[in-house]
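Below, each structure is written out as structure tokens.
There are two complexes below, and they share chain A, which is joined by chain B in the first and by chain C in the second.
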Partner chain A sequence: MSVKAKKKFDISNHTAVLSSLIAILGGLIIAFLVLVLTNPSKGVPAFTTLITGGFQMGGMKNLGTLFYFATPILCTGVAMCVAFQAGIFNIGGPGQYSVGALAAILTSLYFSKDLPAPLTWVVPLLVSILAGAVWALIPGILKAYFNVNVVIGTIMFNYIEMYYMMHWINDYCYDAMKGQTRAIPAPCKLPQWFMPALTQNKSADIGIIIAIIVAVLCWVLMEKTELGYELKACGKNADASKYAGIKSKRNIMISILLSGALCGLGGGLTHLSVSGTYITMKEALAAEGFNGIAVCCLANNSPLAAIFGALFLAFLTVGGNYMQIFGFQREIVSVITSVIIYFAAFSLFLKQMLEKALNRQKKEVNKVTGEELK
Partner chain B sequence: MEMFYFIARYFMYFFIPLLVVSVSGMFSERSGVIHMALDSVMVWSCMWGVLCLQWLDGVVAGQMRLIIALLFAGITGVLLTLLLAVAAINLNADQTIVGMAMNTFAPAFCVFFARVLQDGSEHLSIRNDFLIEKIPFLGDIPILGEMFFCRTYITNFIGIAIFAISAIVLSKTRFGLRMCACGENPQAAESLGVNVQKYRYAALIIAGFIGGVGGLMYILPVATHYSQTVGGYGYLAMSVLIFGQWRSIPLLGAAAFFAFCKTIANAYSGIPFLNNLGLPAAFYKSLPFIITLIALAVTSKHDRAPKASGQPYDKSMR
Partner chain C sequence: MENTENIIEFRHITKRFPGIIACNDISLDIRKGEIHALLGENGAGKSTLMSVLFGMYTPEEGTISIRGKEVKITNPRVATELGIGMVHQHFKLVQNYTVLQNIVLGSETLKGPFLDMDSCRKKVVELSEKYGLAVDPDALIENITVGQQQRCEILKMLYREAEILIFDEPTAVLTPQEIDELMEIMKGLAKEGHTILFISHKLEEIKRVSDRVTILRRGKLVKTLNAADTTTTQMGELMVGREVSFHVDKKPAEPKEEVLRVEHLTMINDETKKKVVNDVSFSVRKGEILAIAGIDGNGQSELIYGLTGIMPIHEGKILINGKDYTKKSIRDRNLVMSHIPEDRHKYGLILDYPLSYNLALKNYFKPDFVSKTGFLKFNKFDSYADELIDKFDIRSGQGKITMARSMSGGNQQKAIVAREIDQNADLLVAVQPTRGLDVGAIEFIHKQLVEQRDKDKAVLLMSFELDEVMDVADRVIVMFEGEIMGNLDPKKVSVEEMGLYMAGVKREGKES
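On to the complex of A and B.
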């Protein structure tokens, strides 16, 4: 009897997953309420379209779209995981993402298009990584050496990026006809390999594969290496790790630079994609940067789980694109995202409550079975 | 001279909302709750305020319409801030993440809602007939009258009043001092019979109201329609709060300094000297943010942040 019970799936060991699921459920319920309350007759079909990811409408072709949306938020999501685990709240995602995107565009326009084959797209990607890291550098220095709150530092850099982006685009790569950045040359786009066949989408590329590989590498870094251990120790208790001889300043710099680099990579991958993405002349922060926070919250700070988090949010985004048919806006996806982040904020509390409830249940079960045995 | 008066008025348009919203943040943070969501409260309440203005158009005339809308914006601000209050006070949440969640929520919801209301357009128009050409007597004072009491809005004076009352409440009244104690050392406060949870709720309700009012104050003089953004003002107000070291009088100085930078950023093309420098517009626009960072780098070594800010209150800790 007892052996059997051990083998059985014990839910109380998976409260982290459970609380993420509760967060998702909460988000979906709120979205359902908002949709139904604003338009009772169209709310229900709109909601079903949303949660089926529009696959019933667009068919398998949407798998490519899904990967396309998942790529940037997976990169920024992993970036947030790395930073949060090290105790750095990097909100600079939008800035680092956009700077990475612009760097990739400029490199491909002015430099790498005449290089030998694989370098045409590898070089812009590397430059985008570098650019993202550079954009995180100053907030990092300010945090490590001047004790400036990293949240404020990175937010300020988001706004500096937002204003300067217009200036840079206007000066170097503006397509006045379309009001956006110039299209990048064809050889600089990411290779496609087997992706079009797999997803039945002509413009699918290997972006998602690169992003997944990076996520796995980051997981290895955080879980299996000494550096990852040190970073996490700093995040758990900065003072204690200082006394243990871990250089906290160096670790702050490493984690924020890594985080910025990953955001930059996200920008690069998206803007080198085959489907073609442009930066428009609009004073706005890139949503991909903020959505990374949601991915990270869903994944409970684990780069590996971020893969699923990113795919899930991308799934909703694909569904969100069909909202206009029902007279709704795709912003409903952001509403869901925000509720998920909101729930994630007290996931610790939620976890404790779940554990308490499950333990109580277990005790009762034990009591009952104990009585039976008597 | 005309130019000088123009800049002075422009300055007030930026100064008042910044001051009011950072006071809102001050209430929250002095009681021990980090308020990352100032921006979302502004965006959200601004929408309700603007909607209220539209509803009242033709029903109520003159300044009364504005005052009712301000009150309404304040109340909606409280409702949104309660989300933060419940999570931070009852659910021991990570307050920064809650703030980020709310900052994602408000603009998205407001775009969604505005488009549902208006069948596709997200811009809510504002009919603004609140400009006061000249206040009797005060407007006749030389220089100052022209600067502050001509072509002004009633919100300017409400804003100053909010600041003055808040400063007195926080530093001179029993309620304010107890509230600050909850942000410095909640366990000690509790041991002396102060109900920490109750005081934090009170602080957040006040913060929500002031923040909501500030949202509508921001939009009124600078825009003819509302489009789900307050130009990062909530975040600027947060930096004002830090730059002002969470104390009312320094806060006044910090808000004035930021408003000045912001004024330069918006009016530089009209000032011959600055226009001749040939720097890009982006430089002036990002100037307040760059200066914030420099200022914070200088001041952050001696941090006077409320000590318990951001930590969930746990009675059993000491």
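On to the complex of A and C.
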């Protein structure tokens, strides 16, 4: 026992973290091989750039860029964590995200730009949250009251959103010269506070701070509150939850609306950002929505771990963009990040293997020291 | 009968789980053609030892020899090839497949690239007739009763022509008649040269059917005896390590005012549109235990589902303490009614929640457990769990933080019983509360039920075990095909007569 008492850090309590790290490492190795095979001479420097996140080239300014990329996928990632833990496979992230984005654009263009100071950006943000939730409402109702598969319900709504949004953009906020949505009025952009100083990036804003706060709040909600207890119970065993008197319909609605709202927030934060971004008229689902699933996978469904998952994926994106300097196509960059995400999905599998191996090892130790398990 | 050729030899088998040694240096010989019973309390290691034989677990130490040859059984497929078959305590069936599909799954007969279901069906029907295992081959598993599911499991094993047959508590869900039949089947199989390993808690059965019995306690082999040379009392003592009483000591009931009143309850099966519960009326009073007896599949389960709100009822009324609960939510019912559910994995527990969370499943929303702002009071969760673990002797690897999934069946059930009894509700509905439990635990749960009665609770006990019904209940209603056949006093009715009511042969005037 004395050996155990001294050793405070027991690795078997951290298999979740460890398995994610191993998954990432495995992904990086394959990514490296892909790079070297594509272009043997430039593979090594390109890979170095990828894993240093381009910081050696772009300097600290990239921290701002990193935060910019992390913000939306953190929001959608947390959205997936909340839904998945409740047993709801919300695949409607792209739709809910884009609806949130459009809501923020329209609100700021037509309504909030003349409001008193903080309301200029607070109101569009709230509307984007609301819009994301509304977009999840119908798949939610279909699931809760008509038992329609939520994966199908939400995926269909992604496409409805994609086409319907073109109509809205075309009619209300289209900048025909640039072929994209009109720019957000300056007063409606997110405040910057100390962020530019911190990141040495002129266009850094508080988006990432809001996203991190929301992630922490969601973690508290899931782990510490009555509602979280109920949501997780429904996700783990719907029959036993019913038996315990938990209202499953209500909980399905809460989890999917919350998930939609978080995706909407992601859209709002990104489009109200100081760096600015636009929606173009093309038939494509927002990648931020799907990347949320990757973040969630990497984070093992924990909203808290999603913070690190989102920052990591954003880190790769920043580094990946610099790889173009070495003549790699954008698509190769996407392949590399995809490989790593793909590996991340194995983290659960790795976790189980790791636990098995550690158990075996422990037993060996016990045998040697003659210590018997109770 | 005297056959000393060993078909299986276990040598120094040790299997550990986190916090527990399930099998500790077990060496045991099984003779060819014998019925060998394994007896022990929950967590004594019987199921684990059998799982090792069936290749579900790999032991850390020790060897197994089959027919004189040392073998490494790394997975069930290897076991099947060695002619070992197993009927598990928790059935391994595909819920939305038919009985036939489940039986042939994994060893289908092919005609070219196509399934030859006709010849499969023929073989299955032959087997089911030969062994009296009546079950509709085309029924979906999800629509048949637990008893029928078990018959399907047994057929599955016979279909694979296994020579060594492992039965993990096969009689837990059967009626007395069905048990008799099963015993005959087992004896018949043994006569044909099959070797049967039979896990059971029921001493009577072991005495009746087995040639030898091995008793395990806390992972260790206590003794192997000839069943003919031992008594049930002796086996019971060896198993528990102390004297046990098989009879439930209780004073005569003193029923007081009515708590539950069920009036003209009718329930309809969604698929078959049949009335599975047909115009049933009865009542339970404070200070009495009313048992619902009957053969599995005669509407008892549905009656309980309707009563507890899990399934909607078609017609009728449910009154608790004089108030109409027919349309009330499950949460509302839970406040006046505790419910030990029939299926502990499906309804009773959230297997991937720790024990402390499971123990709070009916309480987490009460002011003691959650603040006004909605934050859970984990101190209370912990102290409450410790209290129940202590009071009800719930054993697990890591105490209150143990995941329910990793606990033994008996201790899972104890956790549910602890939670429900501690609700202190006026009405306690106990459905098969001792299913698959050992003598010690059964004794404990029966005592708890009687104690609740003596505390002026109304207790409704639904059980397929006639002994339990006769021992524990003050009054018995027998159900057959969804109707009440009789309202009986167990002290005045013999087991045989009860059997006639259960089989639908006898019926008395309906009474509320």
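We adopt the following convention: the second predicted complex is superposed on the first by the 338 of 374 C-alpha atoms of A that agree within 3 Å, B and C clash if a C-alpha of one lies under 4 Å from a C-alpha of the other, contacts with A are read in each partner's own complex, and residues count from 1 in each chain.
The criterion applied here is as follows: a residue touches a chain if its C-beta (ideal position, glycine included) is under 8 Å from a C-beta of that chain, and two chains touch if they have at least 3 such contacts.
Just so it is clear, the model here is predicted, and its values are computed rather than measured.
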| query | Touch check for A:225: first (chain B), second (chain C), both, or neither? | reply | second
The answer to whether chain B or chain C touches more of chain A is B
Which partner does A:338 reach: the first (chain B), the second (chain C), both, or neither?
first
One more residue to check, A:290. First (chain B), second (chain C), both or neither?
first
Could you look at A:348 and tell me whether it touches chain B, chain C, both or neither (first, second, both, neither)? first
**Asked** Regarding the shared-chain residue A:155, is it in contact with chain B (first), chain C (second), both, or neither?
**Response** first
So, A:240: does it touch chain B (first), chain C (second), both, or neither?
second
Practice prompt. May I ask you to decide whether A:308 touches chain B, chain C, both, or neither, giving the answer as first, second, both or neither?
Written response: neither
So the chain A residues that chain B and chain C both touch are none
Contacts from chain A onto chain B in the complex sit at residues 34, 38-39, 89, 91, 138, 142, 146-149, 151-153, 155-157, 159-160, 163-164, 166-167, 290, 293-294, 297, 327-329, 331-335, 337-342, 344-346, 348-349
Seen from chain B, its contact residues with chain A in the complex are 36, 83, 87, 91-98, 100-102, 104-105, 107-109, 111-113, 115-116, 232, 235, 238-239, 242, 280-282, 285-286, 289-290, 292-293, 296-297, 300-301, 303
The residues of chain A that touch chain C in their complex are 224-227, 229, 232-233, 236-237, 239-247, 359, 363, 372-374
The chain C residues in contact with chain A across the complex are 16, 18-21, 60, 308, 310, 329-334, 339, 341, 346-353, 357, 361-362, 364-365, 370, 374-376
